[in-house]
Structures are given as C-alpha cells and as structure tokens.
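Here it is: the structure, laid out below.
Order as written gives the chain letters A, B, C and D; numbering starts at 1 within each chain.
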Amino acid sequence: MKLLEYQAKEQLKRFGITTPMGGVARTPKEAADWVRAHGPAAIKAQVPIGGRGKAGGIAVVKTPEEAEREAERILTLDIKGYPVSVLWCEQAVPDAEEWYLGVTLDRANRSLVLMLSAAGGMEIEEVADTAPEKIAKFWPHAWRGVASYDARGLVLDALRHDTPERWERRGKLMSALTPTILALYAAARDLDAVTCEINPLMITADGSVIAADAKIEIDESALYRHESLHRELAAEGGGSLVDSDPFEREARKRNLTYVHLDGYVGCIGNGAGLVMNTLDLVKQHGGEPANFLDVGGGASSDKVKNALEMVLMDEKVRGIFINIFGGITRCDEVARGIIQARDELHITKPLVVRMTGTQEEEGRKLLREAGIVPGTSAAEAAEAIVSLTRNA
Amino acid sequence: MSVLVDRSSRVIIQGMTGREGRFHTEQMRAFGTPIVGGVTPGKGGQEIDGIPLFDTVEEAVKATNANVTGIFVPPPFAADAIMEAATVGIPLIICITEGIPVLDMVRARALCDEMGVRLLGPNCPGIMTPGECKVGIIPNHIGKKGNVGIVARSGTLTYEVIQGLSQAGFGQSTAVGIGGDPIHGLSFTDVLELFATDEETAAVVLIGEIGGSDEEEAAAYIERSFHKPVVAFISGRTAPPGKRMGHAGAIISGTMGSPQSKVEALQHAGVTVADTIEEVVTAVAAHVAPTPAHIH
Amino acid sequence: MKLLEYQAKEQLKRFGITTPMGGVARTPKEAADWVRAHGPAAIKAQVPIGGRGKAGGIAVVKTPEEAEREAERILTLDIKGYPVSVLWCEQAVPDAEEWYLGVTLDRANRSLVLMLSAAGGMEIEEVADTAPEKIAKFWPHAWRGVASYDARGLVLDALRHDTPERWERRGKLMSALTPTILALYAAARDLDAVTCEINPLMITADGSVIAADAKIEIDESALYRHESLHRELAAEGGGSLVDSDPFEREARKRNLTYVHLDGYVGCIGNGAGLVMNTLDLVKQHGGEPANFLDVGGGASSDKVKNALEMVLMDEKVRGIFINIFGGITRCDEVARGIIQARDELHITKPLVVRMTGTQEEEGRKLLREAGIVPGTSAAEAAEAIVSLTRNA
Amino acid sequence: MSVLVDRSSRVIIQGMTGREGRFHTEQMRAFGTPIVGGVTPGKGGQEIDGIPLFDTVEEAVKATNANVTGIFVPPPFAADAIMEAATVGIPLIICITEGIPVLDMVRARALCDEMGVRLLGPNCPGIMTPGECKVGIIPNHIGKKGNVGIVARSGTLTYEVIQGLSQAGFGQSTAVGIGGDPIHGLSFTDVLELFATDEETAAVVLIGEIGGSDEEEAAAYIERSFHKPVVAFISGRTAPPGKRMGHAGAIISGTMGSPQSKVEALQHAGVTVADTIEEVVTAVAAHVAPTPAHIH
C-alpha cells in the first residue's frame, strides 16, 4: 500500500522526524484559507507516483488568491493516470543542503538496507548509476537493527567521497543525522514498510534536518497488523489506495491480484508464475492478453466466480482462458466456481479451461457434466482460445 | 539418492489440523511420505488418522526424532512456526504458507541461518522425490522417478515441468520449489550445489521468473562450478514492467530482475534457455535419455 | 520509580492488556460520584507498597453513600508510612481463576525473566517457597524477546504441575494468555521496567484475561527516556514519587541517594560500597548511623554541599562523618564543597573528614587551610566521630 | 604475569575528549598505561596530548591494533559504546560509566557474549596491574606490585583494600573492580578463574556486598576448584533491607543476596571472611609474605 506524501509525513512525524508545517486541501478555497492563515506555501498534488513536479503538480504561491488559482489548476490534472483530488499545502523549507535517505528491502542480502547520500534531490537514481560510491549503504541486523554507531558509520561512508569541506563538518553532520536515521529505520520496521524514503532530506545551516518529501510503501501482506492505519488512510480520501486504472481499482476492492493490459484474451490462473506463463503462451500463439489475474493458492469457488466477473467487466475481452494446475488449489473447487459463474453471469463468450493437478479427476468430471470440455495441455488450450478470439 | 528428502526422512507437519494441513497430510501419506507427527498447540496427546499430535515442535521432535517439518499454518503465525522449528534445530524446514509479512521473513531467515538449519520457501510448493517422499503440495500423480533435478521459483510452473517431463518419459530425481517471496530460504544456487553432488541427478531444469536476482546469481555459480547440463525457463517475459514508486528499489536492484538480464546471464553460463515448457522437455531430451519404464 | 496501581494499569492498557474500568478519586465525593455513575466498585488506596488490603486500604461498596463513607475512612489511613491521598474506584471483576504473571530482572541469568503461575493471588511468594514448580519461568532472548511459541511454552510449563482438568483446557488457555504475555514483555521492554507484575491476573469463564492488580517499577537510570511519562505521573499527584519518609522525600527532590536510619551519626561517602562500609564502621565503633548518603562517582562541590545540607535536616544528627576515597571523584572538588557548606550553612556540629585517593594532596591541603583536619584511615575517623557524638 | 592487562596491552579510550575521559587518560598515562588512541566521533585525525583520535572504534583498532578499550562516555551512550567495541571484536572492554539503563546492559552483555569478548563493568573502577597498566579510575599512587589478586564489586572498597594491603607491605598482582550494576560483565568467578592460573597470584581478596548472587556463585566455584587462599569481605552487613515492591524480585532471588547467605557460603567454601578492611590485611598476612621492598 503506497501512502500519499502527506500521509507518509504524518507517519514519519510520529517517529520523531521533522517535517514542514502543512495542511490538506481538497478545494481551491481550502488551499487559499491555508495560505491566508500560514503564509506562502508550496501546493503539492497528492498522487502515489513520481514526476508530479514535471507534470505541473507543484506550485509555489505567495498569496491566497494565487493559492486558489493554482489549486484550481492542479485539481484538474491527471498525473500518469491518477486524477488529483487532494492537495498538500506546506510551508517552504529555507535554503538547505539536499540529502537522500531511504530504507528498502534488499532481496539479495535478505535484509532491509539503509541508504544515505549527500547528493539528494530529484536525480538520485542517476547518482546511483553514475557515482554509486556517493550512496552509502548499511544493512541492519535482522534482530539488533541499527545502533547509533551504525548510523554514524553510514554518515561517514556517505561523506568519504564528498567534498573536504563537508568531511570537516562530519562531527556535526553525524549528530544531526543520527536521530533521523534511527527514526526512519524504526518507522520502516514498525510500519512493515518495504520502502520508506525521504528525498530530499534538507539539512539547514543551523543543523536542522527536515523531511521535505516522503514516500512510504507498506507490505500488503502485513496490512492486517496496521488495520487502524489502513482504515484511517482509506477514510481520509484514500488517494493512496486508488489505482490509476479503473479496472485495477475495482480489482483492489474485490481483493484480486489483477493487472489490466491492452489485449482481448481474458486470462485467469492460479499462481503468479503460471499466469505469467499463460500470458506468454497467449502471445506466442498470436493472441493479446487482456489482463493478468492470479487467484492465488487454495482459491475457493467464490473467488473463481469473482475473478470471472472481474475479467468480464473489460468489454474488450472476447473470451477467457482459465489455466489451473492444482497444488494447494483443488480442481473441483475451481470447477464449481467456473460453472456457477457461467450460469449466474450468463457467460456466452468463449471459455477455454485447462485443468490438471490436485483433485483433477473430480474437477474435470464436474466441468464435463456441465458441458465445458477441459483441456490438459496449456499450449493446446492457449492455441484454442486464440483461434476462438482472434477474429471475433 | 536424491536431495534433501528421501524414504528415510522423518516428517512432521505444523498446522496439521487446519483445512490445508489435514488435506495435504493425507495426500503426502498417500504418496508414501513418512509422516511421524503433527503439531497443533492444545491438541498434544490426540491422534489424527493415526498420526500423533504434539503441543510444541520441541515435544514432537523429542518423541519422533523428526528431521523435516512442513508448515501449513496461516500467514500471521507462519514466521513464528518457522522460528519455533529453527530454535529446536530441525535441519530442514519447508514452509508452504503464502502471504507472510516480508519483515517477519527477514527475521525468520536470519534465525534459520543462525541456527544452521535449512529453510525451503515460504510460498512454495515444497519438494518431491518421486517414489520416496513428498513434503508440500505438488500433485501426487504427476511425478516419475528418474534423473532430472528440478528447481523452480513458481509453484504451478514446477508442476508444469514435472508433468511435461514425466509425460515425455523423463523422470525426476528431486523437484524443489524454492518459492517466489522476496525473502526466502534455499536459493537456486543452494539447490544446484546439492544437485552437483547428487549421483542420481544427471541434468537440471531451472525455472525462474522476473524480479530479484536469484537467477543471475545461479548463472554465475553455474559458470563457475556446475558441470551438469542445465535447461532454464524464465516466465513473465512478456509481462509489462510493474509500476513502482520511489527510487530506493531501483537503486538497489538496478537492471537486475529484468527477463533480459536473466536470460543473458544464463545463456552466458552455457545454459539452454527454453521459450516454452515444451521446449524445456526437448532441451532435456538433448542431454539425458528417457527413464526406463520399469522405474517409478 | 514505582508507579501506583492505576498508573501501572494505564500503562498496561496502552500495550493492549485488559484492565477493569475505573477512575481516580481524590475526595470522598469523587468516589461517590464514580459509584453513582458506574455502579458497585472496589475502592482502593493508591500506595506504592504491598499489604494495603490487610491494612484496610480496600473496600468493596455498592452505593454512593457507602463509597463516600469508605473513601473518607481510607483517605485518613497511613499505610506503612504512606499517607493515602489518591483512591482508585474500579468495577468488580466477575468470579474468575486467579493467575500470576510477572516480568522482572534476573541478575543471575543477566536477563529479564517472565513468570507465570496458575496459583496467583496474594500468596504467590509462599508458592515460590513451597511449590516452586508451580511457577513457570522463561528467559527472553536479549534481542529476539518473546515469540508466541515461547509464550505458549510458558503456559504449558505453568500447567504441567497443575490439575488434569486445567491441563485439558491448555489449548484455550494458551490462546487466551499468549497476547497478555507478549504485551507484558513489550511493556517491560519499552518502559524500561525492572518489575512489571499482574497479580492476580483473572481468567474468566468466557476466556477473558483481566489485570486485576498491577505493579510497575521503572529503572531510575532509564527515566531520561521516559520524561513525558515521568512528568505526567508527577503532575497526576505524584503519589508514586513520594517516599514514606519525609527525609527521603526531600532527598529525592534533591536528587540524592539517601536512606534515613535511626541513629545520630550523619554519614556521607562516595560509592555505595564505601558508604555501606562507613555505616558498618560506625556501628563497629559503637555509634549509630543516622543515614546512608552516597554522593556517587565524580561528585561536584555543589553536590557535596547539597548532601551536607540534607544530612543536617535530621535534627537527631549530632555530627557528620564524611568518608571519601577518590577515584573518579576528586578530593579537591569534595574539599571545596565541604568548606563551602560549613561556611555558608554555619555548621557547628562535629565534622570528621577522611579523605584519600585522586587529588588527595590538593584536597587535604584545602581542608587544612580551612581549619579542618583530614584523616586518612577510615577506622580511625569512625572512632573519632563516634567518640565526638556518642554522648553529645 | 598478571591477569587481563599488562605492559603489552594496547589501550584505547572511548570518550577521551570528555571531562572525565581526558582527566583519567592523563592519570593512566602517568601510571604508565600504553594508551594508543582515543575515539570521539567527528574528531578523527586530531590529536590530544599526542594521542591520535579516531571517529570510530573500527578505525582506531585498524590503525593501532588496540586490544583493550576503556569507556568513559555518558550513560545514555555507554551501552552503545560497549556494543560498538564488541562488534569490532576488541577482546577486553572496560566500562567505567555509572548509571547505564539496565535493559541496555542486558542487550550489551548478550552481544559481548555472542562476539566472544570480555566485558568488565560497567559502573566499575576498572583494573590495575601495578607497575604495568591501569585502565580506569583507581588512584595511581595506592598500588604496589606484588602477589595478591583483588576482585571487588565496590569501586571505593577496591581502593581501600589496595591501600590497606600496600601500606601493610603486601603488593598486588592485579586488582579488578567488577562493578556493582545488576547486569555486568566479568563475575567474581570469571576473575577467580583467571587468578587460578596466574603464576604471580598467590592469594586473592574478594570484596562483595549485599544483593545479587555473584558471591554465592563464587563460593561454589572456590569450593569446587579454586586452590589458592581467599580472604573475603562483605560490605553492607549492617544496612537495613531495602524496601521492595512486588513479589517478582523475591521469587527470583529468594534468600540469595542477604549478607548472611554470602558469608555462610564463603565460609563453607573455606574462605576467611573478615569483618573489617583491617582484618582483611591481617588475614592475607596469614597466607602470604609481604612483598620485598625492592619490587614496585
């Protein structure tokens, strides 16, 4: 679950990280009111995607009138598919050094990794490509986490390839940055965040450390531990819970793992690998997949029905390929879901089912009795659905 | 021979009295797996289908001398189940559960390493040595005893490959599903190292997918020191790149994880990379002879 | 720092432990109002010491009138030196099993230890003596803490020597108790508590687990990490911060490590071992120490002066024995404090100073110049102060 | 010979630029301690009184090959300083700081054990091998080279005993202050084990106090396998029992910790328990000869 900037900042504040004073505005008037009360501000579109600056989603304003005008403009924007419905009005941070601080999952090291760079700002990915030594990394111990000396070591590492002037200031920089580094790690750990990023992290002349932008993504598998946060964020407008694609929005509501694509063959399978392979097979046989839909392991007949209904919402879909290799998923359970969906939803579009694995005898029997002829080879089934839909 | 499990394994099941645990325990027994106990807190002393239940992993191991555990407990409790087994020192822990919070797995994996035990999974189909032992959820009837080793990230594609090979007459030494979660136990390389010294394995099929860098690491290992033929397949090659947010992931992974990166690394290591499951079978046929019919 | 029952319960609630509904009353009227609003209650004296039940500090009341009467009575009590100034009015817990659950520091194992027993209630110390097997223990890993399986194991261990009936219910008891066990450990860890105890821990027929009484003692060395809690508790009446002895109360305000005793020789030293030995020496020479006062390591002259002022508040004190063996403490610093105190406080009572160790030349010189003759042998100094004060 | 530190020790001081750190570094150098570096984050590259400063313990050890560290940093940062030294693997960590939160020490001590390094303290006066090396705050002039080992909980009583022995002509091999905090590093028993094999130590003085069970454990060890004469002193014998709250402490400690328990355990182990510091000296005189005057 991706949090919007202002939601992420509220979380970071809870862990003791300083963020600029700001407020939410959902209308131009609210933005104007905020500026009237608090003075000049940056008005920032709240969308769960990068690049909003270039897309015109940020305006620096001095007066309430300007705020109203800019807010009105930004609220009409659609940034990479995300319509802007929430703004964040925020006091400007004084001129300061722009650092980068992030924590994310490092699969290769089976650990979280903390990253710090004095070369923060928009271009951090470029820094990673061209001058990777400028990004210092630390891998927290799974149990012990990050100690103050680890944080100080990270700051020293970030400065080793920096200017001699900054190196001279390392004592002050270590003192200034250590609390924020420890807090960001604690935030990631306690929020089950797979990414927690501050860019830029401003360090002012007087040594204050301020998170000027923030991104947090919470592990979806761990959301059950953060129910109240989840509810709260959803209640606050739920910008972060909204996918840019309307079908994907719908799928999220239905709790389905669904990705919308451009083609016309609806694809459903159990297991991400199998569904990806299903898409590959459709393409190899000359068809174009309309979606990716993984019902996961051990799906119930209800879930299968739910999945079929979801896929059919896309009117571009000319037929559906259901590819099941039962392991923990039981073929009879899936078969019941397919039959129920076909009957209750009155599906008339072509339906090709490939079914094998756990309880396959039972499942295939059910399908045959219901007049659906199941295949056993995925390749043959792919060929069948493509020939049924290509010119439909 | 085979790797990790065989007829001498002594297997317990954590979460045996749950819906999935009970169903698949039956399946495993039908396969011939030596299931010696189950663990469900509060049910110690009872039996289920003749298998003794225990309150704790420790008691189960004391009573049965188990050396493998299969975990079927729900996601909020699964990392704990792994750690309970690890602290008792069970040498092979196989976790089937899907949807475990990733930071739980960071800790559980670290504890397994600290305790010197092997973890397979989570979110994996488990392991099958045809004719001897199965722990997990791979369908019973698709395997065939033989000399092809399989190691795969995707569960369902593991089944596809086993079935494809069996139908074409190529039996398997052991099929190992390592699971697709970001933080997991045995890697491709770990399993390849086992196959390297397994006399019964003549060739290996490696089934990867987009994301992560396990395949690239396996390619480096193969190039360095794996001398048996390897056939690979990478799924998700036509999938659109997922949307991502923030820079942190990109800084860490760089270009690792793309299908191109994986295919190129494997080909560079001398691996035959197949475009479809059918091609996997054809490529295996170029390296090993079909398993004689009398073996199963 | 010892928390009062109601303060401890508020903390446990924050960690998810269920406590009975209750409210604070500082006057009989407030107690009556609470009972009028919420019904029958137990009215409990809030004192940081055990045995209040036997001392008449708890009353079970049905009506507001009864509440007022009992509150009035309890508010006049002095329980083992603690005058009662705060009451806790609390709904009665339905009949239930009384368990014991505690976590404390186990020096021998260099760890916290969790303890659980089905034989809870008042007599748990007796259980520890007579049937120690009924108290199950678990030593949390320093970094990994307590896992659910550890908590379940603790419950099983507690039940092994209990009735077969309870053993049969162990599945439900494990489920019921595990969250409370994990929460109590988290509370101790996060609050820096050296003791965190629930006795009795009630388990009702429907499986609810309720902390009917609670004791928390926070490590004084860690109070700097809990400043807001410290302030809050102090603001709430500060019952827990009050020592039963008025001199000890004063010493706490002055931040001095002071224990009030019955004798007439004021004793001040640096280091607990040295001060204890100073007391031993005074006794061995036939005197009676009036107090224990440890100025600690590295004391400043101000602290020494503060200590002298403190000791002299007790009018029973006939003379003062200052015993200093400087290590991190510097004798010159101490000497300055003694001279300053003597001059500013116009001390006329006998003052025997034994001074040796770090900077002793400088310290002794200062004393001599100020007309105080320092000794070097502790035994001789003890003899001197006793002979000066015994018949004073 | 001596235990733990001698003239070949290479000592760094963490917190050397603080008030106490600086003063006692001067004292230690005056004593003859080989101080090879100091650690103060941000001051690496500077020198203080000719001693090089480093930003981290790791850098200090790399540059100086230090094998002992003395810690003088304030309580909120002291456990961290211990852990920094432990992760770098410094074999002997001596922490003088008083007032470290006890749960910090639970973690720090566990890490020292995990890393296989020795911790002395915290809240201790440190260690002194007269004529060779002192790390900590024991006053310089009170020691005298000789063959009596001292191990004590109380800092100031350590000084009393050193002074008492020296004045009576009995020199010390090494005096070790283990500190009085509930969770600390080396115990009486750990230090006795070192004295047991130290050829230069002929007898040992053990200074205990009320509370805890270190003395009882030491008594058990002495009875089992310590063969040199031991003289003990327990302070706080006339102190009133402290007020306590709750039952948990009593359940854990039982009757351990009382002066009676300690004195009886030690006497049972054949230890002479003295009533005063003077008696300690007399008792030592019964076991060893005074140190010849030409040694210091």
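Heads up, the rule we're going with is that contacts are C-beta pairs under 8 Å (C-beta built on N, C-alpha and C of every residue); 3 or more make two chains touch, one makes a residue touch a chain.
Bear in mind that the values here come from a model prediction, so they are computed numbers and not experimental data.
Undergrad: Show me the overlap between the contact partners of subunit A and those of subunit C.
TA: Common neighbours, subunit A/subunit C: B, D.
Undergrad: Which chain pair shares more contacting C-beta pairs: A-D, or C-D?
TA: C-D
Undergrad: Of all the other chains, whose mean CA position lies farthest from subunit A?
TA: The most remote chain is D.
Undergrad: Taking the mean of the C-alpha atoms as each chain's centre, how many Å separate subunit A from subunit D?
TA: Measuring from centre to centre gives 55 Å for this pair.
Undergrad: Between subunit B and subunit D, tell me the centre distance in angstrom, where each centre is the average of that chain's C-alpha atoms.
TA: Roughly 53 Å, centre to centre.
Undergrad: Express in whole angstrom the distance between the two chain centres, defined as the mean CA positions of subunit A and subunit B.
TA: About 28 Å separates the centre of subunit A from that of subunit B.
Undergrad: Which subunit B residues touch at least two other chains?
TA: 107, 111 - these are the residues of subunit B that touch more than one other chain.
Undergrad: Send over the residues of subunit C in touch with two or more other chains.
TA: 143-144
Undergrad: What is the shape of the graph in which nodes denote protein chains and edges denote touching chain pairs (line, ring, star, complete, other)?
TA: other
Undergrad: For this entry, which pairs of chains touch?
TA: Pairs satisfying the touch definition: A-B, A-C, A-D, B-C, C-D.
Undergrad: For subunit D, which residues are in contact with subunit A within the complex?
TA: Those in contact with subunit A are residues 41-43, 55-58, 77, 80-81, 83-84, 87, 107, 111.
Undergrad: Note which residues of subunit C are touching subunit A in the complex, please.
TA: Contact set of subunit C toward subunit A: 143-144.
Undergrad: Within the complex, which stretch of subunit C touches subunit D?
TA: Interface residues on subunit C, with respect to subunit D: 2, 48-50, 100, 102-108, 110-113, 115, 124-125, 128-129, 135, 141-143, 189, 192, 194-195, 197, 199, 215, 217, 219, 221-222, 224-225, 259, 261, 269-274, 276-277, 279-281, 283-284, 289, 292, 296-298, 325-328, 330, 356-358, 360, 378-379.
Undergrad: Applying the document's contact rule, which stretches of subunit D touch subunit C when the two form their complex?
TA: Per the stated touch rule, the residues are 20, 23-24, 27, 75-76, 96, 98-104, 106-107, 109-111, 125, 136-139, 142, 152-157, 159-160, 163, 180, 182-183, 207, 209-210, 212-213, 217, 235-240, 242-243, 245-254, 256, 275-278.
Undergrad: In the complex formed with subunit B, which residues of subunit C make contact?
TA: Where subunit C meets subunit B, its residues are 144, 147-149, 152-153, 156, 170-172, 174-175.
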